[in-house]
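Going by the order they are written in, the chains are A, B, C and D; count residues from 1 in each one.
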Amino acid sequence: MVKAAVIGGTGYAGVELVRILLGHPHAELTMITSRQYAGRPFSDIYPAMARIVNLTCQAFSEEAVSEAAEVIFTALPHKASMGVVPGLIDRGKRVIDLSADFRFKDPALYEAWYEPHQAKDLLKTAVYGLPEIYFDDIQKASLVGNPGCYPTSVLLPLLPLIKAPFVDADSIVADSKSGTSGAGRSVSLATHFCEVNEGFKAYKVAEHRHNPEMDEVLSLFAGRTIRMTFTPHLVPMTRGMLTTIYVGLKEDVSTRDVASYLDSFYADKPFVRICPRGRFPNTMYVRGTNYCDIGFQVAEQTKRLVLISAIDNLVKGASGQAVQNMNIMLGLPETAGLDQIPFPL
Amino acid sequence: MVKAAVIGGTGYAGVELVRILLGHPHAELTMITSRQYAGRPFSDIYPAMARIVNLTCQAFSEEAVSEAAEVIFTALPHKASMGVVPGLIDRGKRVIDLSADFRFKDPALYEAWYEPHQAKDLLKTAVYGLPEIYFDDIQKASLVGNPGCYPTSVLLPLLPLIKAPFVDADSIVADSKSGTSGAGRSVSLATHFCEVNEGFKAYKVAEHRHNPEMDEVLSLFAGRTIRMTFTPHLVPMTRGMLTTIYVGLKEDVSTRDVASYLDSFYADKPFVRICPRGRFPNTMYVRGTNYCDIGFQVAEQTKRLVLISAIDNLVKGASGQAVQNMNIMLGLPETAGLDQIPFPL
Amino acid sequence: MVKAAVIGGTGYAGVELVRILLGHPHAELTMITSRQYAGRPFSDIYPAMARIVNLTCQAFSEEAVSEAAEVIFTALPHKASMGVVPGLIDRGKRVIDLSADFRFKDPALYEAWYEPHQAKDLLKTAVYGLPEIYFDDIQKASLVGNPGCYPTSVLLPLLPLIKAPFVDADSIVADSKSGTSGAGRSVSLATHFCEVNEGFKAYKVAEHRHNPEMDEVLSLFAGRTIRMTFTPHLVPMTRGMLTTIYVGLKEDVSTRDVASYLDSFYADKPFVRICPRGRFPNTMYVRGTNYCDIGFQVAEQTKRLVLISAIDNLVKGASGQAVQNMNIMLGLPETAGLDQIPFPL
Amino acid sequence: MVKAAVIGGTGYAGVELVRILLGHPHAELTMITSRQYAGRPFSDIYPAMARIVNLTCQAFSEEAVSEAAEVIFTALPHKASMGVVPGLIDRGKRVIDLSADFRFKDPALYEAWYEPHQAKDLLKTAVYGLPEIYFDDIQKASLVGNPGCYPTSVLLPLLPLIKAPFVDADSIVADSKSGTSGAGRSVSLATHFCEVNEGFKAYKVAEHRHNPEMDEVLSLFAGRTIRMTFTPHLVPMTRGMLTTIYVGLKEDVSTRDVASYLDSFYADKPFVRICPRGRFPNTMYVRGTNYCDIGFQVAEQTKRLVLISAIDNLVKGASGQAVQNMNIMLGLPETAGLDQIPFPL
């Protein structure tokens, strides 16, 4: 049993890590830290966990965390992460960071969208934690920058096709729709029940910080600069993210051709399901799971490919993927702790 | 006071017509027909209307309807409409049809997506009821084909820009998200509460019947064939439609340039609100109103324009627009009956 | 046209007052104050109101408000109200206060549940603004304490029956369920979208401040001390309140007997609808309206009467009732501005 | 591994059985029957189950089911169950029936509320499957009548207290609120999304069929006739049931006294959690679990005890409890397959 700690365990990504780790057959959750709730039983904050989690939230201490665990999940806001991660890495810990701080290869890009980076050296060795692409690097990594939820939902359907000869990589538009849990647990008017319920909106149009993240990964993977247009939207529901991607086609291509690219790329990947033709993903079908469902349709008249992905933003979009990364880093079965039967409704 | 009847008054578009007409200062609702509920008080079907609507649902009879009203709203399924409308037109009535039956200029296009048309002659004189474009024609029309909800939400932001020199009209992608009331009142598993709630999905990807409708209108308006890629999605809420449109730019264009096109086009249109820059529409802000809110953003890096519209699918997307058409046909103030103060939440 | 001002106009009760007053045929909204948003256009705070409300939020000033309006709605938190209301009354204004500060006859009761009262003298002349009971007093009042939402939903079904010989007034249990807008616009974890959505809970069980309010009114009306057991619950929806009341029966009583009490009490009351037997209220049927729908059932086996009421907590439970009170105070038609056709869905 | 079959596996209780049995360490799901979907892969009906469930729905055949399984869950509508269960029992199978057909001891009571009973003999040996009360009988049972969701939520908080000297057993009122999944998967206007969403209503007031069921169990347990007043309500959410129970007190009793009754009764019961004082259950905290959370408050002024319970109507209210019964019948650990970590949101 590997000992694991969650830093920032009372936010939504944090509690989801707690949930998954508790059911993990090869991991033991030994510590949860929380600045806001230090000293309080975790099940006070999340009464669903009464009788299940007996841990009390701790204030963060590098020393105590390092003694308690060998794998550490940092579920902190960006900037806070880079203050904490280097010390843990120095102590030889394996770290999976859920913030944006270690997702970028190019520090200038991070700094253009976030703020001055205080641990640039670590960017060189940090691995982008998208296991369907970087499995081998993750195996050897000490530090994984866990992908953003939007990039996960955009990259998984796109990457298998980005180098296909029929794809116009300069034509990509990604239109994403996220449940409200993606905005986290911090209260704000934008996440106040009556301001979200029965409304639907776009936000940060063509200006979201996940845009450069996915552009960088896509460009590195394709070996050329790719920039896409990206618009996020807020859905009045708790969990789930659906992304619709539009790709121009340079040649006539059949649905079967597209299917073969996707099918072969994901043939042995446990968490990607390609929908049968004519069926499209629904966030309901992946809720609470680490699956990414992918569907597609060729729009023949307009020579475009429409790709659709669905994930649970808190699982494959955050904490499930983080545990998947842990499994790979430690040589455990990739699906360990992540094979819970989904709720059909 | 003009006498008005609603044919098919117990569906969602029908009851919304009833609601609006009841509050209309120049109209009197004299008859509601319903195949399913003939003989029952309307307020039995919609208890919200107790004490407010005293009409009893009637079975449809051309003669009775024609005696009761001079303006007739047909809120029937497609095909049913074309069985009823010609007789009413023959009797000299003004008809606003909410089905797809009289929206197309080209009967072949209708027949390719729907079924054999039984009243092709009327297609020649029927006017497409988008008042922001066809005001003059609507003034003179006997028969108006009221636009679909998706086309309304797509066409209003696009039309002012479609002929602009910087717009690549072959690059258009429209990604729409609709509340569940758009699926109507007929029960089905797809609209069963537990199958919709807390889920988000795409459907009829690149195959929705509203796609040729908007392509035809756009092409006629632009004077050249335009085809766009269109994907509708279902939002777990009752009312509202948000559409995000992506348009390739052939030249550098500033936000200000785009604003001037929209502002001048809609300067004197009472039901279109252009959002201040940096603000984007939310379906919540138009709920229950006949407004179409339009926002936009230039994505400079990718040379695309993102247009966003929000409407209430049952009002500007159906029954409100139908009453707006009636007002224009009869020379009444365009906003009569449609100036209800919106609900802020 | 009577000039009206809303003090605290950016909370949910405030904006609902703004909505109703804007559509009022005999009132003109001349000022909106807001501590938080002073200086900002009202439609910045509520974009739904763009083009409709042109007022800018003002900081409160007794002098400016008094110059601008003759009727003043104070939609402030309790305690804040009693700091503002006396000065306005001194200037001869008519005030309808939506806080708890002027609802109690007995200052000790207020102080036991709230805090020290700073304007006890006004309690003597303030009238409890439940028009179905205190119409005559409201006509003559300068200051109305507008009832709480829960008391409105409990008192309207109970009052007609409380003196009936078959009612055991010591047996009353009221179980209320409120939409989330009742918690107001101030952000908190308890009203954070993901903490409310898809959950249902009770709160302040037998300890809610509205309990003594309704006990006092009921006791004064019945001429004897009555205390009921009251439990509020939170429903994951925006608007609406449904209350289920259980009353022990001292004698056999038929549904018809109960109906006759309710029917005669409310025969000429415009905002109370008694449901036909076998039908029960649904908050959906009163949404956006000033109606209180009342249904009932005699549970013969257990000799209890079950009364059920539905209101829109923001309208009949707050701002609609406040405008109803204004109408009565000024001798206007009781329904003026409150006869908007309801939304069927 | 015990072989289990689900008869009627595509309804909501059925699929929930499938979900739980798939994760059960000692059970193997060998057959799913469905009249409506016979011949179709189960994951066609529930795409969430793609890659997870490989079974195809079968038409029901007593012989085939009996060969495939030794424990059989019948998740059929009432009446259909009693046509199927006797044959399975004759073949020596263990049956857990989720309909109402085998819940009553008194056939006359069943017939008064349902219809003629065709398998009365089995009523004598069938055990009411509320394990917190009838554990010993369930251990020996061949046929378990799985309790209704409402009775489970009412009986668990009430039973420990019903014989307490301070409880007035003739004063009981139970006010229940259920998520919409309780209405099942059959489509109807009453469960159409737009008719449920943003509404709250009572139904079958004092006339619900679960009322006699709970009265019978309570009476048998208390050794005297008890009848309570019961009102069910519909909550616009998918899962969850909260019940608020009001009990008259014959003596002064403290919160501590009540706590001691509940605590001692449930000391060793794995699925009942008594809330700390001042905290009340929320359906969110039990969603997806087999827990029943119980909170309470003494209303001193009115001498009543308020009990509040929360369950997931599909788990402890149906399929989870059914699996709990199976575990007990087979001598497996009571919590086997039911210890999934709950979703915190």
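As a working rule, a contact is a pair of C-beta atoms (placed from the backbone, for glycine too) under 8 Å apart; a residue touches a chain by one contact, two chains touch by 3 or more.
What you see is a predicted model; the values in this text were computed from it and never measured.
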* Path length in steps (a step moves to a chain that is touched) from chain B to chain D -> 1
* **Pair from A-C, A-D or A-B with over half of its contact pairs in common with B-D** => A-C
* Could you tell me which pair, C-D or B-C, is linked by more C-beta pairs in contact? => C-D
* To do: Could you give the separation in Å between the centres of chain A and chain C, each centre being the mean of its C-alpha atoms?
  => 46
* Which integer distance in Å separates the CA centroid of chain B from that of chain C? -> 37
* Rounded Å distance, chain C centre to chain D centre (Cα mean) -> 38
* **For chain C, residues contacting two or more additional chains** => 12, 181, 194, 197-198, 236-239, 282, 284-285, 287, 345
* To do: Name the shape of the chain contact graph, picking from line, ring, star, complete and other.
  => complete
* Would you tell me which residues of chain B are touching chain C in their complex? => 12, 15-16, 18-20, 22-23, 46-52, 181, 198, 238-239, 273, 275, 279, 282, 284-289, 293, 340-345
* Inside the complex, what are the residues of chain B that reach chain D? -> 12, 180-181, 185, 187-189, 191-194, 196-198, 236-238
* To do: Write out the stretch or stretches of chain D touching chain C in their complex.
  => 171, 173, 175, 177, 179, 194-195, 197-203, 205-207, 227-229, 231, 233, 235-240, 242, 244, 246, 280-285, 287, 295, 297-299, 301-302, 304, 306, 308, 310, 345
